[in-house]
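First comes the structure, then the notes that go with it.
In order of appearance the chains are A, B and C, and numbering begins at 1 in each one.
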Amino acid sequence: MNKKTSQQIAFIIFRILGIFVVGILFWILGFIIYNGIGVISWKFLTEPPSEGMTGGGIFPAIVGTLCLIAGSSIVAFPLGILSAIYTSEYAGNGYIIKFIRIMTNNLGGIPSIIFGLFGMSLFVNTLGFGDSILAGSLTLGLLCLPLVIRTTEEALKAIPDSFRTGSLALGASKLQTVNRIILPMAFPNIITGLILSIGRISGETAPILFTVAAYFLPKLPTSIFDQVMALPYHLYVIAVSGTDLEASRPIAYGTALVLIVIVLIMNLMASFLRRKLKKY
Amino acid sequence: MKQFILTVLIVILSLPLIYAQKLKGSDTVLPLSQKEAERYMKANPSASVTITGGGSGVGIAALMEGTTDIAQSSRKIKFDEKQKIQESGNTVKEVIIAYDALAVIVHPSNKVKNLTREQLDGIFTGKITNWKEVGGEDLKIIPYSRETSSGTYEFFKESVLKNKNYKSGIMSMPATGAIVQSVSQTKGAIGYIGLAYLNKEVKAIGVSYDKGKSYALPSIATAKDGTYPIVRPLFYYYIAKSEKKVKPFLDYVLSATGQKTVTEIGFIAL
Amino acid sequence: MKRILERIVELLLTISGAITTIVILLIVVFLFREGLGLFQSSNVEKGYCLCVNTENTVLQLTPFQIKQIFDEEIDNWEKLGGPDEEIVVFRFSDSFLDSYSEEELGKNLEFLPEKLGEVIRGTPGIIAYLPVQYQPINQRGVRILQDGKIKLSDFLGGSEWIPTATPSPQFGVLPLILGTLWVSLFAILIALPLGLGVAIYLSELAGEQMRKILKPAIELLAGIPSVVYGFFGLVIIVPLIQKGFHLPVGETAFAGSIILAIMALPTIITVAEDAMQTTPQAMREASLALGANHWQTIYKVIIPYSISGISAAVVLGIGRAIGETMAVLMVTGNAAVIPHSLFEPVRTIPATIAAELGEAPSGGPHYQALFMLGCILFLITLVVSISAEIISKNKSQAKGI
């Protein structure tokens, strides 16, 4: 085989592979949307489940997921952003920083089920929060911490050093520089990262299995010590349990669609922001 | 934003939690509790009932730890569990809320109609591996089981396997619904499910506990008159101290309306 | 004032800088604290004991032997080094009480141990499984078997995972570890050629237009929650595999591998593409100038140059696959057997934890065993993360030369 034909064959294969991967994505999305779109209605979005999980809607699960998003954001965002500011602005370039970075990477590589175990042991049992929004939010918050740190760090690093030196040269202190120059400039990119982590939080199931999720709880939560239903867990239970799987299939498709739409919106918002606000 | 958070906080703090009660435990009882709770809350809009699954074991464990008000269980409380609760100075109260029959199911195309307890024992402990050994076609038997500490798993083990262990590496499904689904899709499959889960996609098998003298198909009628052997009570357990809290809901479940729901779900009313 | 503020802020930042380290430490502490308790637990269910007749010379039994006895797989003491006597299994249950009157047992069952002792004394081949508080202590003809602790070697080397077996739970994690590696290995074998191909396409061939579609598509693929993948696998892939390969069951390792491959793709593509992008322009041009065409440049220059990055991609992909929980739980059938083929059900570590933790009473050996599984999983992923780190570090050193 001469080198021209081998090149042609190879390139055709790569092209097919590329299209194949996009194909998989559209297959999954199309499948969920096709089966789920008919289920979505105002009633589905605003009513609790009924008829033994084969009828009604998923309202409590949507609210529950929103609670968890809010809760874990409160945990992860300030901590993550502060940590990123430290590593990229304050820590210099020594061994400590290398160590911290390795740890952040490692934390990012820990499977979500381990966070579930950890959350159950520490928050639910040792600290006595019980199965609650509090325990679930803390667990999810720690889970998405590495993501928040990494994206924030990238946002901070994207700002040219000249701004820092310029600000310092004008007599501003380090804190002032960070507070008035670096953070406002990096803000859009930081937000992008935060949005992405919200997308991640909304879909996680394993960490909430033992820390917060309830099978059936139509009443909305009234305190952070309440359990809630959550979309991903709800999808799991109606996909595998229930007296009549066939009858609850539509609900499962609908739930999957709502879940995907949330993730999709987060992703689109993030990439829109990234494109719109890219300045340097 | 700040104002919003403040309002939320105020709302959160001002809502009392008097009527909240939690049920935790058996997946078998889950659909029943869920429907009962659904209707109970419709009748008493101020009440709030949380229902979580996990298995009978976890429900009773949660009862010991005080993280649930009612443990729903598909098996009787174990001796040592009862002992543990007594050691902590509490007494546990038991209420039978319904009866359940365990149906043994196969794929609808399977020709085998009846099995004795001994045959079931052989199949689930792995001594019988082909349907032709029990009068069917030449097809590998694929037994499906529930996850390890669900009450259904334990009850089947106790009643059918006489406490022997399942064969190692048995397919274990996370929930009963998944067993129905898999058996309906798999030709050589056999599984056991609560009567409530029985539907047209799977075939129930007649079971004999007297070495083949008489076989009975699972149904509410045969379970009630005692001809069907694999029947068990379903329990609610609670701590005597919290009786006041759980009483209204218990009364509702045991009332005529509550028991109507039991029948509707496919369990056997008291 | 301003100084103090700066100091405070700096302190606060330093603390938050250490947060990930603290979290990892906490995870390690809590995981191992709960998990290691397993090896302090007795291998007979808590609150119970095993008794035999004194004529029996067997002194101690391993958990596996106990299981075999109670499953009636071993029926003679001779096989365990005892006398030639048939084994009689006796389980204490409430129905035992029915054969005695209340007078015989006493008000608080205080004579129950005596009655149990009589039964054991009268049956030479008996092995009795009794609640500890009713054990016949210091009675003629009765010996209480010593119960050993659960051993690390049994835990790591055992091939049976039956955590709720009575009297002796079987905690053999070998099938689970192998199951996890098995599914992940094939996931990577599927995902690697695909991912590498797409990465090459993206990095070297795709036009601006195509990149604009592919990149967000891959990001989205990474963003889809795992439970949605699991659901998709359950209703599409599993029946497809069952029909396509004429298998008795569709819930197989293969179904898990396919879903995991799809889930690992984005990681592999992104990291591999990044690595290829870093190939210096000068090297490409040199290759082209020497008469190599584009394809030759790709596989003789770009791939060798970025090989460490590609390896890192593979390692990270494996890491993702090993830890994945929900999707695997929903499609692999969860049978705890040592895998022999791709078309059999397997049970992975994360799926085991997710399926069983909710059912394991907290503090018991089963609960501890699940935490121990968590420790194993943690160590595996730690090794994966660190090797990825080392591999990509090699890359940056190579670039320095």
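Rule of thumb we're sticking to: a residue touches a chain if its C-beta (ideal position, glycine included) is under 8 Å from a C-beta of that chain, and two chains touch if they have at least 3 such contacts.
Note that this is a predicted model, so its numbers are computed, not measured.
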So if I look at the partners of chain A and the partners of chain B, which chains show up in both lists?
C
Most central chain, judged by mean C-alpha position against the global CA mean:
C
Chain pair that, of all pairs, has the most C-beta pairs in contact:
A-C
What is the distance, in whole Å, between the centres of chain A and chain B, each centre taken as the mean of its C-alpha atoms?
35
With chain centres defined as C-alpha means, what is the inter-centre distance between chain A and chain C in Å?
24
When centres are defined as mean Cα positions, the distance from chain B to chain C in whole Å is 27
Going by residue number, chain B touches two or more other chains at 53, 173-174
Sequence positions of chain C contacting 2 or more other chains:
330, 358, 362
Two or more partner chains touched - positions in chain A
240
Residue set of chain A touching chain B in the complex reads 50-53, 130-131, 213-219, 222-224, 226-227, 237, 240-246
Per the touch rule, the chain A residues reaching chain C in their complex are 3-4, 6-7, 10-11, 13-15, 17-18, 20-22, 24-25, 28-29, 31-32, 79, 82-83, 85-87, 90-91, 99-100, 102-107, 109-118, 120-122, 125-126, 142, 145-146, 149, 173-175, 196, 199-200, 202-206, 209-210, 232-233, 235-236, 239-240, 249, 252, 256, 259-260, 263-264, 266-267, 271
Listed in rising order, chain B residues that touch chain A in their complex are 12-13, 15, 17, 20, 22, 27, 30-31, 33-35, 37-38, 41, 48-53, 67, 173-178, 180-181, 196-197, 199, 201, 265-266
Sort out for me which residues of chain C touch chain A in the complex.
2, 5-6, 9-10, 12-14, 16-21, 23-24, 26-27, 30-31, 33-34, 194, 197-198, 200-202, 205-206, 210, 213-214, 216-221, 223-232, 234-236, 262, 265, 269, 293-296, 298-299, 316, 319, 322-326, 330, 350, 353-354, 357-358, 362, 370-371, 374, 377-378, 381-382, 384-386, 388-389
Within the complex, chain B is touched by chain C residues 45-48, 67, 70-72, 91, 94, 131, 133, 159-166, 170, 175, 238-239, 242, 248-251, 329-330, 333-337, 345, 347, 355-356, 358-362, 366
